[in-house]
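Each chain carries a letter (A, B and C) given by its place in the written order, and its residues are counted from 1.
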Amino acid sequence: MGRIQLNKVTKTFGDVEVIPPLDLTIEDGEFTVFVGPSGCGKSTLLRLIAGLEDITSGSIAIDGNDATDVPPARRGLAMVFQSYALYPHMSVRKNIAFPLRMAKLDQAEIDKRVNNAASVLNLTDYLDRRPGQLSGGQRQRVAIGRAIVREPAAFLFDEPLSNLDAALRVGMRLEISELHKRLATTMIYVTHDQVEAMTMADRIVVLRAGHIEQVGSPLELYRAPRNTFVAGFIGSPKMNLIEGEEAAKHDAHTIGIRPEHIAVSADEGPWSGVVGVSEHLGSDTFFHIHQTGLAETITVRADGEVSFSHGDRIHLTPRADVIHRFDAGGLRIA
Amino acid sequence: MARTVTSQRKALTTAAAWIVGLLIFFPILWTILTSFKTEAQAIASPPIFLNFDWTLENYAIVQDRSDYMRFLWNSIIIAGGSTLLGVIIAVPAAWSMAFVPSKRTKDILLWMLSTKMLPAVGVLYPIYLLFIKLGLLDTRTGLVIVLMLINLPIIVWMLYTYFREIPGEILEAARMDGATLKEEILYVLTPMAIPGIASTILLNFILAWNEAFWTLNLTAAKAGPLTAFIASYSSPEGLFYAKLSAASTMAIAPILILGWFSQKQLVRGLTFGAVK
Amino acid sequence: MATKASRSAARLMMAPAVILLLGWMLVPLTMTLWFSFRKFLPMRGGDLGWAGFDNYARFVTSSSFWPAVYTTLLIVGGVLVITVMLGVLLALLLDQPIWGQGVVRILVIAPFFVMPTVSALVWKNMFMDPVNGLFAHLFKFFGAEPVVWLTDAALPSIIMIVSWQWLPFATLILLTAIQSLDSEQLEAAEMDGAPSLKRFWFIILPHLSRAITVVILIQTIFLLSIFAEIFVTTQGAFDTRTLTYLIFQRITDAQNIGLGSAGGIYAIILANIVAIFLMRIVGKNLDA
């Protein structure tokens, strides 16, 4: 079980309010991602749930029991840190066994669980090494191993992939998702990377300055961002936001159109502009279009084979059914 | 770093460095050599450098006459006891300052440092008086306490600078893993800080071993450590060079050996982290 | 960065160290302060009552006060000049690539580990003795009249002994500081055509300035209270009575606790003036 409820939780550091009153419920078994730019309070929020920081007011309940004043050691949560935070003086085996040793389990049970975790995470051959002798990916696995042996009510991940290189990151992303499917335990995952959020989450919590901007499944957020901040944050490349005359045509202060929802053509379309930088990824091509009269740059996704030269004047056609409309306050107009 | 130096120049600097090094070391070398001479050879004119009849008799006499072993034992107890006691008190304090810093942490650290700067002579009489009242005069316990107190700021400081290099996340991980504060300090922090703790112990042992104000003023025959043992040679036995040398060699040998291990930590410990 | 629970645990764990040091500082200090205002002669009647600022006035007006201040300044200043200057040179030398660097380093550092009573005695007898000392032999070898060091040149002798003890400290710290100098900076200066003397003056020395300051301040604090070196050599005779030693004599020889305590308060004030500067440097380093 692992249902976590935050009721009017606030956090202030000195005079700075990092988290204004915030309500959130994380359902049992859910993979929830906290995402937002750096300094949005997502890590603080995670540390409040972990109990590594006190909340200033409000309450936290885990599985219906008030955990506000319960020390981190007794909340039944496991955490994977950004730096992995492995114990450098202990072997991999001892690292993974540490929480079990603290829980005073008997040695046979500890061995069983450690071996089990090691085989799940492909660490069996490394059990007697020290963390210093492992690669980044292996360390990450040890950190995860240390978390899963405890069979916690929930896993907390604090930007666990940010220290890995790009290729490894994709692999670990899959492994963590895989793990979630198998364990079906609540996971809370903090990241600034919207790709991780989109690919892993059951539910995404977008945060800005301690405020929850929107909560929803990845596709809900993609399809119906509640405001321009979420619109710009979710999806890659970023949604194009256009103000002024063109927006007025749609009875909105701002309209948003995603790069993948604009068709390019050499000779026809309602909008036109000059091609700046083109990024060829093979499968896709991204064009950065200038001098459209709409916004400084309009980003457009086209098929990988499409090619224009720098300086070409081309035409753009937005898909009318996926134009997002926002009012002057940045809020979505239904 | 990656520059090549002509071997001619290297030979020159090597020669210079060795000459200077030996010159600085010479008084110690001379003392050690003299300790193996007979009294006559020790004051021979012109002085004999190496070709004398090596003898161990001075060591035997010194031990016989002034009971070197007792002073040595006192030194070990006093230096070791004050250092260990200091570390036991300082580890929790340094943990607090390094991992739960508050606005006052810096002030507390600096204040601790300032107590180290209190001139001993300024409080000689009060301490003497307290020692009499408490029956601590000329006891090892008394000196353990005083030396612990005068070195405590350095111990806290050194441990603090070492602890600060340990990432807080690892301690938080231990907390998440269900460790109590005691377990966190015992199983995670301490083993990780072993090198730092070891150097702290080493340096403070040396400082306590060589301390020569309180050890001279608060001890007599019973609890005197090696500093007092040597001071007793100031006259007239000092004129017996070979015995003086033997006694001196015995007083400094243990610490010279320890000192060689601690040279790297010395800078950090004695400058309170201001120079690394 | 922490919870209330860990903060209160932290306070609790800091308490023993803080309380002990607070006691160590306040109790004797208060007593010294108290005694300094009393006419207190344990051997001649004990506590003879309130003395006001008599002791303070008498301490500074006594004929031994200014000579003691002068001696203290000479010793501290002399040792500082010698150790810092030789220390810089030695550090530069040891920073060069040399064969057997580790051994040379150990040779240079060794004097620091010699207990003060030993170094004072060894120097006094085996080097500075006018008959059998090595210096006497050396002088005779060159046909000169041996100097009676600790009588005729007592102050320079003590400065020399203390400098020998503290040179390793200065060297070691300055060497550490030199080694932290980015070698690319020096190479850049070399590329810019700066000759080695200029490189020393404009790059190495400024880089060392902080370390030199630290050396000066820390040594000053220790040097202000040197004791054993005088205790086993001259016992304060021949113009080698420092402020520390004067206070020591007032208390132990003259048994005038009031007077000695007033002197102690002066010494504490003096040390604190130096300490304030040291703390500033150390404190700045804490924020970094």
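The definition used in the following text is that contacts are C-beta pairs under 8 Å (C-beta built on N, C-alpha and C of every residue); 3 or more make two chains touch, one makes a residue touch a chain.
This is a predicted model, so every value here is computed, not measured.
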item	value
Central chain of the complex, centres being mean CA coordinates	B
Chain pair with the higher count of C-beta pairs in contact (A-C, A-B)	A-B
Cα-centroid distance, chain B relative to chain C, in whole angstrom	16
Distance from the mean Cα position of chain B to that of chain A, given in whole angstrom	54
Averaged-CA centre spacing for the pair chain C and chain A, given as whole angstrom	59
Interface hub residues of chain A, defined as touching at least two other chains	52, 71-72
Per-residue overlap in chain C, given as positions that touch at least 2 other chains	1-2
For the chain A and chain C complex, residues of the former touching the latter	51-54, 71-72
Complex contacts: residues of chain C adjacent to chain A	1-5
Contact footprint of chain A on chain B as seen in their complex	167, 169-170, 172-180, 183, 187-188, 191-192, 194
Interface residues, chain C side, partner chain B - complex	1-2, 6-7, 9-11, 13-14, 16-18, 20-21, 24-25, 27-29, 31-32, 35, 90, 93-94, 96-101, 103-119, 121-127, 132, 134, 137, 140-141, 164, 167-169, 172-173, 176-177, 180, 183, 187, 210-211, 214, 218, 221, 224-225, 227-228, 231-233, 244, 247-248, 251-252, 257, 260-261, 263-265, 267-268, 270-272, 274-275, 278-279, 281-283, 285-287
Parts of chain B lying in touch with chain C, wherever the complex brings them together	1, 3, 5, 10, 13-14, 16-18, 20-22, 24-25, 27-28, 30-31, 34, 43, 45-47, 89-90, 92-93, 95-97, 99-102, 106, 108-115, 117-127, 129-130, 149, 152-153, 156, 168, 181, 206, 209-210, 212-213, 216-217, 226-228, 230-231, 233-234, 238-239, 241, 244-245, 248, 251-252, 255-256, 258-260, 263, 266-267, 270-276
